[in-house]
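Two complexes are shown next, each including subunit A; its partner changes from subunit B in the first to subunit C in the second.
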Partner chain A sequence: MLRLCLSALLSHWRRHPLQGISILTGLWLATALWTGVQALNDQARADYARANALLAGAAQTQLVARQGERFAQSAYVQLRRAGWPVSPVLEGRLRFAGREPVSVRLLGIEPLSLPADSSVAGQSTQGFDLLHFLTPPGQAWVAPDTLQRLGLKPGDQPTSADGQRLPPLAVQAQLAPGVMIVDIGQAQRLLQAPEQLSRLLLPNDFARTLPALPDNLRTQLQLQPAADNDDLQHLTESFHLNLSALGLLAFLVGLFIVHAAIGLALEQRRGLLRTLRACGVSLRALIGALALELGLFALIAGLAGVLSGYLLASLLLGDVAASLRGLYGAQVAGHLSLSPQWWLAGLGISLLGAALAGLNSLLRSAQLPLLALAQAQAWRQAQALWLRRQSALAIVLLLIAAACWRWGDSLPSAFALLASLLPAAALVLPALLDAALALLSRLCSTPLSQWFIADSRQQLPALALALMALLLALAASVGVGSMTEGFRQTFLGWLDQRLSAELYITPRDTRQGLAMRRWLDEQPGVEAVLPQWRLELRLQGLPVQLQGMLDHDSYRQHWPLLEQQPDAWASLASGKGLMLSEQLARRLKLHLGERLALPTTPPSPALPVVALYADYGNPRGQLLLNDELLRRLWPGATLSSLNVRLPAEHVPALKAQLQSRYRLDSTRLVDQGTLKRWSVEVFERTFAATAALNSLTLSVAGVALFISLLTLGQSRLGQLAPLWALGVTRRQLAWLSLGQTLMLAGLTVLLAMPLGILLAWCLVAVVNVQAFGWRLPLHVFPMQLAHLALLGLFTSLLAAAWPLWQLARRQPADLLRQFADER
Partner chain B sequence: MLTIQNLYKSFPTAQGPLPVLRGVDLQLPPATSLALMGESGSGKSTLLHLIAGLEQPDQGSILIDGQPLHSRSETERARWRRENIGLVFQQYNLISSLDTASNLSFQARLANRHDRTWSTYLAERLCLAPLLQRFPEQLSGGQQQRLAIGRALAARPALVLADEPTGSLDETSSEIVLELFLQLVHEAGSSLLMVTHSTHLATRLNRRLQLHLGRLLPGDA
Partner chain C sequence: MNAKPVLILLALLLASCDPPAPPSTGFAGLGQQAGEFAQVERGHGLQFPADHGAHDGFRIEWWYVTANLTDSDGRSWGAQWTLFRSALRPGGEQQGWESPNVWMGHAALSGPFGHQYSETLARGGIGQAGVAVSPFHAWIDDWTLRSLGGDGLQQLEMHATGKDFNYRLQLRSDRPLVLHGDQGYSEKSGQGQASYYYSQPFYQVSGEIERAGQRFSVTGQAWLDREWSSQPLAAGQSGWDWFSLHLDSGAKLMLFQVRQENAAPYRAGTWIAADGQATPLKPEQITLTPLAWTRLANGRRVPTHWRVALSQPTLTVEIQALLPQAWMGTRFPYWEGPVRISGDSNGRGYLEMTGYAP
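== the complex of A and B ==
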């Protein structure tokens, strides 16, 4: 029975192939966009996990320097002699010059002392090829992706930007991208950090006994539990959440197509369903056959969607990897390697999408009196009920959104706000359009204009889902566009102010930095040398950069402050106050004037927060202190950079002198223009993937509208034929239909504009604050709005073009068929 | 005066052209009525469609007051149709998005010939006055057919073309509706060309013609 029933149901698609294509297209697009985004996220997360698991196993707990980033190797020797099973690690960045300078994270290990059950780069220490790794010339392990990025091949011995020759490169497939592992002796040579270590690994079982450090080491080292180690995962979470949100939006927009097509198919097949029931097919068998049919669609579209999602992710991965590198310093492979689970999840999401989109129709098939005659109006009446239910649901969602805005204080609550607001707006759209049309109908006096509005209202239920999709896609474009453009303007203005020095130098170490500073002070033309002392530590469990600032007019003039107390700069200079980046202040929940105790040994008095400043693009919190105070409290702070003020015409000569005197490559010696260009490039690439996903979502909405109009076109002849018979020409009918589409799309576009601005406000004032810690001013760009409004109308025009062209070319016989007796 | 001369029409099929009308000649003076009868497929509806300018003939001509109809452009034919023709179909073909009042006056207003008094009179005569705010699907079959008749007559067209106007109604309702229809056509001063299968109904009209295999049989049917 099921087979017969299914074959009868499937015969519908032979007569209405367009509806079948609509369902397949909707599911295909929804699956492709969702799985594509998930592929990007999965790849990035897998790479973070690989980066975190570089030294995995029992040795997760570690000893790190209390002050500064490194400590003396003698501490390691002392602890080993005292019976501590510690293993040393030295970490740093190794730069390679070239047309596009590349830097890798260099990790020096001592494999002999690693705990027996630990693994390095996914390989158990038991299986190490120690002979080649330890004996000269040694080995440098890299991932295939890193090797490709460096443009090298296994066995090559490249030279770093500092002129240090590396041991032969060997590929380790399990290694995270952007990482290189060498023996610790090699690392100390390559990083020019002789007798220096970054951390000491401890087996967890040993760490659990909480042994006391020798007295002389207590001021130098501190125990850091393993859980504190996944900063990258935390920092990038908001980025991936953003991508997921866009993917989900596109997925929903795709499902709108499926829902509309399945709903129409149900209406058209009501007669068939009635006949099947009359012939003795049970309701259970009928629903089973309908579900099976839907599953078949989901499988076909799911396979195509997963393949397309893979292709889409491959196309976007370059931009996403560049964004993650630029924003967070996170290394993500340039190619996809996805697990079988991802492929299965893709098919699963297609089945879930089909179930979500078709559930309503299946329920209606089970509940509606199938023996009632199918009438266009019956559907409208059912839709009127749905309109009321949708409006009620929209109100509930709006209340949830308001609650999230009022009481929410986290990233999930910020996204819950968006996840409630957007569907609420979409659900309330048909009711708003209906009300607007009702209002317009009062202004109409001619018969055609009355018909124009009345018929538009009649079309509304069939087009509502496509218009909702258009509303969401356009609002997302407006919202994300306004946010991006506002961010661009704010960021560029901030960059112009902040990058006031003409030359930025990154010395290899503090000693070289101090030598450079002395030399630069003696150079003619140099107006000021501003050293940047830096220290990384944890405040309330958060990674924080401490920066020591020299008291100089340049900062007072060019360092933009968001909020400040009177004489903020004077307080900073005298060591009586500190300044916080906006994101750090939010994370620590500190306001202007409140005090912050710094983790010094011995404890020092808490300092008041005298100013808050913007620090866009920095995922870590930053804290400014007077440089002398910083060095007094943390003598291990490093001189991370020197900012040089001098007349622009002196820059090339000084640059050349610095290059020859200190052998500085282009990554360590950057002029203002180049630095700005790099920053802007990072900014642009950061939003490239977002912009691409936005455009795709708008295209999907266009497809939804196109399919709805095309499907509707088939059933609208019955409405248009009487008008033709009454003396309205086919061309007039086509123009009127175009006008109706454009009017509905235009009203939707009009509603999408304020929704988009509201979305932009949510992004800059709620989501960004929770995700990144900074709040941007809301900018509205009228030209951008006009551009997007025209784009929305153009998309609608494109979607309407083919169905209208078909209508205009309709043979009179098609219209006459509407008057035939046999209907 | 409607004059049809040597009218031919065929439709393309997979097996080649299918002739439907094979040389039809007909005259219908003003303010007269004519019943067109014939078996299914004899070409009755096609002839009606050709007279309404909804289709183009293969050969022959249709003259309206001596002017050829089909040499006009589609726009001109549409204009002629809305100003001079009232169409009544068996399936009513009402505009479902407009209420009864708007449907009733639609064509008249389209042709700028809306006469409020005449429309009100039609609504009353057709028993539609209490139903003016209702939508077509809220009316019974008989009410919908009366509305279709009202719409066709609201502009006082020169010629009313009716294709089985009571085909969907039972015999009693058919009688009542036809009686009313003929009275109103007469009051409007229109000519009527009505396609019907019913010999009984056809006898109520001035003339009757039989269409057989695309040709009019000689003499009154």
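== the complex of A and C ==
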């Protein structure tokens, strides 16, 4: 019975292949975009996990320096000889010169002392090739991806920017991207840190019953508990949530198509359903057959969608990886390696999508009375009820959005705001369009123009979903576009101010930095040398950069402050105040004028926050204090860079002198122009993936519109035939239909603009603040709006063109037939 | 005892490189060609105290102590303390991480609570492990074997810590050192493979051991072995059985056999009279016969009950392991544990067996 029923139902698709294609396309696009975004997220998260699990497990207790970043190797030997089973690690960034300088995270390990149950890059410490790793020339382990990024092959021995030759490169597939592992002796040579260590790993069972540190080490080292290591996961969470939100939007837009197509197919098969029921097919069997049919579509489209999603993710991964590097310093591989679960989840989401999109139609056909099934009026009544429910739902969603805006203070609540605002807007769209058309109809006096409006209203229910999709996609484009462009302008303006020095020098170490500073002070033409002292530590569990600032007019003029107390720079200079980056202040929940105690030993008095400043693109919170104060509290602070002010024409000469005198390569000696160019490049790449996803969503909406018009075109002959009979030519009819489509699309585009701006406001004032910690001013760019509006109309035009072309070419016989077998 | 070892890394290392090392290079690669390492030569003679220290030109070397102990309740215990040095390449010691030396410590305690062992590894050149000659001090991490006075090895303290056990023992002997083979030149095959090898088998021991939170005062006897070489085994030699025996008469006996593929084992030993007088034993004077085998928890079978027969002096004894499961599951695994002697003479000692495949 089911089989018979199914084959009767499936025959529909033979006669209306277009509808079948619509459903498949909708599900395919929805699945592809959603799984593609999930693939990007999964890959990135897997890479963070790999980076975290580089040594042993993520949960590894460590001893780290109390002061500065490194400590003497003698502490390791002393602890070993006191019976502590510690293992030394030296970590640092190894730079490679080149047109675009690259750096890797260099990790020096000592394989013999690694805890027995630990693993390095997925290999057990008992299993790896010690002889080659330990004996000269040694080995440098890298992931295939890193090798590719460096443009090198296995076995190569490249030279670092500091002129040190690396051991031969060896590929370790399990290694996290952007990481290089060498023996600790090699690391000390490459990083020019002889007898220096970054941390000591403790085996987990030993860490549980820890003896007290020897007295002389207690002031040097401190215990860092295992749980503090997942910064990356935490920092990037908001980025992935953003990506997911875009993916979800695309998924929903895709489902609109499916929903429209399924609804239409069901409407056209009312007669068939009635006949089947009258022949004795039970309601259960009928619904079962319909569900089975839907499942079949979901399976086919799901497979295609998952494959395309994979393809899409591979195409976008490069940009996403660049974004993550630029924004968070997170390293993500440039190629995908996905688990079987991902593929299954992709199929699952396709089934879920089909169920969501089709459930409504299934329920409606199940609930319609048997005899009413074939009456168009019954369907319309149901439709009217549905519209009322739709409006009620929209109101509920708007209330939720308002509540989220009023009381929410987390990233999920910010997204809940968007997630309720956008569908609410989409749901009220048909009502708004209808009202607008009603208004227009009063202006029309000629019969044809009155028909024009009335017929448009008639089309509205069938086109509503496609127009909703267009509204959402356009609004998202406007919102994301305004946000990105606004961020871009703010960022560039900030960069111009902030990068005020002509030359930026990164000394190899503090000693070299001090020598350079003395030498630079004596050079003619140098107006100022501004040293930046730096220290990394944790404040309330968050990684924070402390930066020591010399008191200098250059900062007063060029360091942009967002909020400040009177004489902020003077209090900073006298050591009586601190300045916080915007994101740090938000994370610590500190406001201007509140006090913050720095974690010094012995404790020092809390200092007031005298100013907040923008620090875009820095994943870590930053805190400014007077340089002398910083060095007094933490003698281990490092001189991280020297910013040199001098007339621009002297820059090349001074650069050349520095290069030859201190053997500095191009990555340690950067002029203002180059630094700006790098920063802008990072910025551009950061938003490339967002822009790509955004335009994809818009094209999905275009497809939705196209398919709706296509299906509509076939059922509209009944309405058009009388006009033709009254003397309107086919060509005229086509133009009129085009006008109708463009009018509806135009109204939708008009409504999308304010909605997009509202969305942009949500993004900059709510989502960004929660996600990144900075609040940007809201910019509206009229040219950008006009551009997107035209794009929206053009999309609609394209979507309408083909069905109209067909209409214009219809044989008169087709139109005549409408009168013969009127439904 | 000896050759234990070795482990090392050496071999391991060699064994884990790209082409698997052919099986004929012997246990832990001890049969590898020595390359540019220093060579063991007959008639070279040993010099003390210098030879108590490390010999950086040689590939492998060890400081090995085994002690047979009795607690105040009369129960038998065994303690092992071993430090291995292995050079990953020729060239002698260098300061810093470039040092070619890798050090490995093994410690074990066997007794009424079973057999416990521990292992630790250290790189040379940074001070984490090493040997000082005067006063004598061998260490790795917090494990030490050090002189309590004087230039030589007359009074030593031996200390090691493992999971759930530790010991601190004082070793004393006023007897001279025993040189094995030809004035310390000890052959390991008929083809010239050899090592420098001397012992101090006459230590009287007292001290404390701790096991599972309980402390025991112990007394007993200990035997120290010192051996270094660059290629102690010939190709085709797969493992050995080593005996260090304290007879109740006061005499001591060192015996070993190196098992060879497709050939009879190579045997040698030293008879040490109670007054310290040492007599090398020729291969044909020694008969070693396994009487019973033990299947270990890890599936290997090892002979833990032996008959040892000598023709000159005439002696036939049976050797039985106190703890047949005394397996050292270290990176280079082997069997090592205390034994009981019965027969023509009673006594106790240590047995080491390597190269028994799983």
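Methods note: the second predicted complex is superposed on the first by the 807 of 823 C-alpha atoms of A that agree within 3 Å, B and C clash if a C-alpha of one lies under 4 Å from a C-alpha of the other, contacts with A are read in each partner's own complex, and residues count from 1 in each chain.
Here is the rule we go by: a residue touches a chain if its C-beta (ideal position, glycine included) is under 8 Å from a C-beta of that chain, and two chains touch if they have at least 3 such contacts.
None of these values were measured; they are calculated from a predicted model.
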With subunit A superposed, do subunit B and subunit C clash or fit? fit
Rounding in steps of 10 degrees, give the angle subunit B-subunit A-subunit C taken between C-alpha centres. 140
Does subunit B (first) or subunit C (second) touch A:Leu385, or do both, or does neither? neither
Who does A:Met783 touch here: subunit B (first), subunit C (second), both, or neither? neither
Between subunit B and subunit C, whom does A:Leu443 touch in the aligned arrangement: first, second, both, or neither? neither
Touched partner set for A:Arg81, first subunit B, second subunit C, both or neither: second
State whether A:Glu110 touches subunit B only (first), subunit C only (second), both chains, or neither. second
Looking at A:Ile184, would you say it contacts subunit B, subunit C, both, or neither? Reply first, second, both or neither. second
Between subunit B and subunit C, whom does A:Ala721 touch in the aligned arrangement: first, second, both, or neither? first
Using only C-alpha atoms, work out how near subunit B sits to subunit C after the chain A superposition, in angstrom. 76
Could you tell me which stretches of subunit A are touched by subunit B in one complex and by subunit C in the other? none
So, in the complex, the side of subunit C touching subunit A is made of residues 9, 12-14, 16-17, 88-89, 96-98, 100, 102, 120-123, 126-128, 139, 141-142, 161, 331
Would you mind writing out the residues of subunit B in touch with subunit A in their complex? 11, 45, 49, 52, 54-56, 74-75, 78-83, 85, 87, 89-91, 93-98, 102, 105-107, 109-111, 135, 137, 151, 163-164, 167
Please name which positions on subunit A make contact with subunit B in the complex. 375-377, 446-448, 450-451, 454-455, 457-458, 719, 721-732, 812-813, 815-816, 818-821, 823
Touching residues of subunit A toward subunit C in the complex: what are they? 73, 76-77, 80-83, 85, 110, 112-113, 126-132, 134-136, 183-186, 188, 194-195
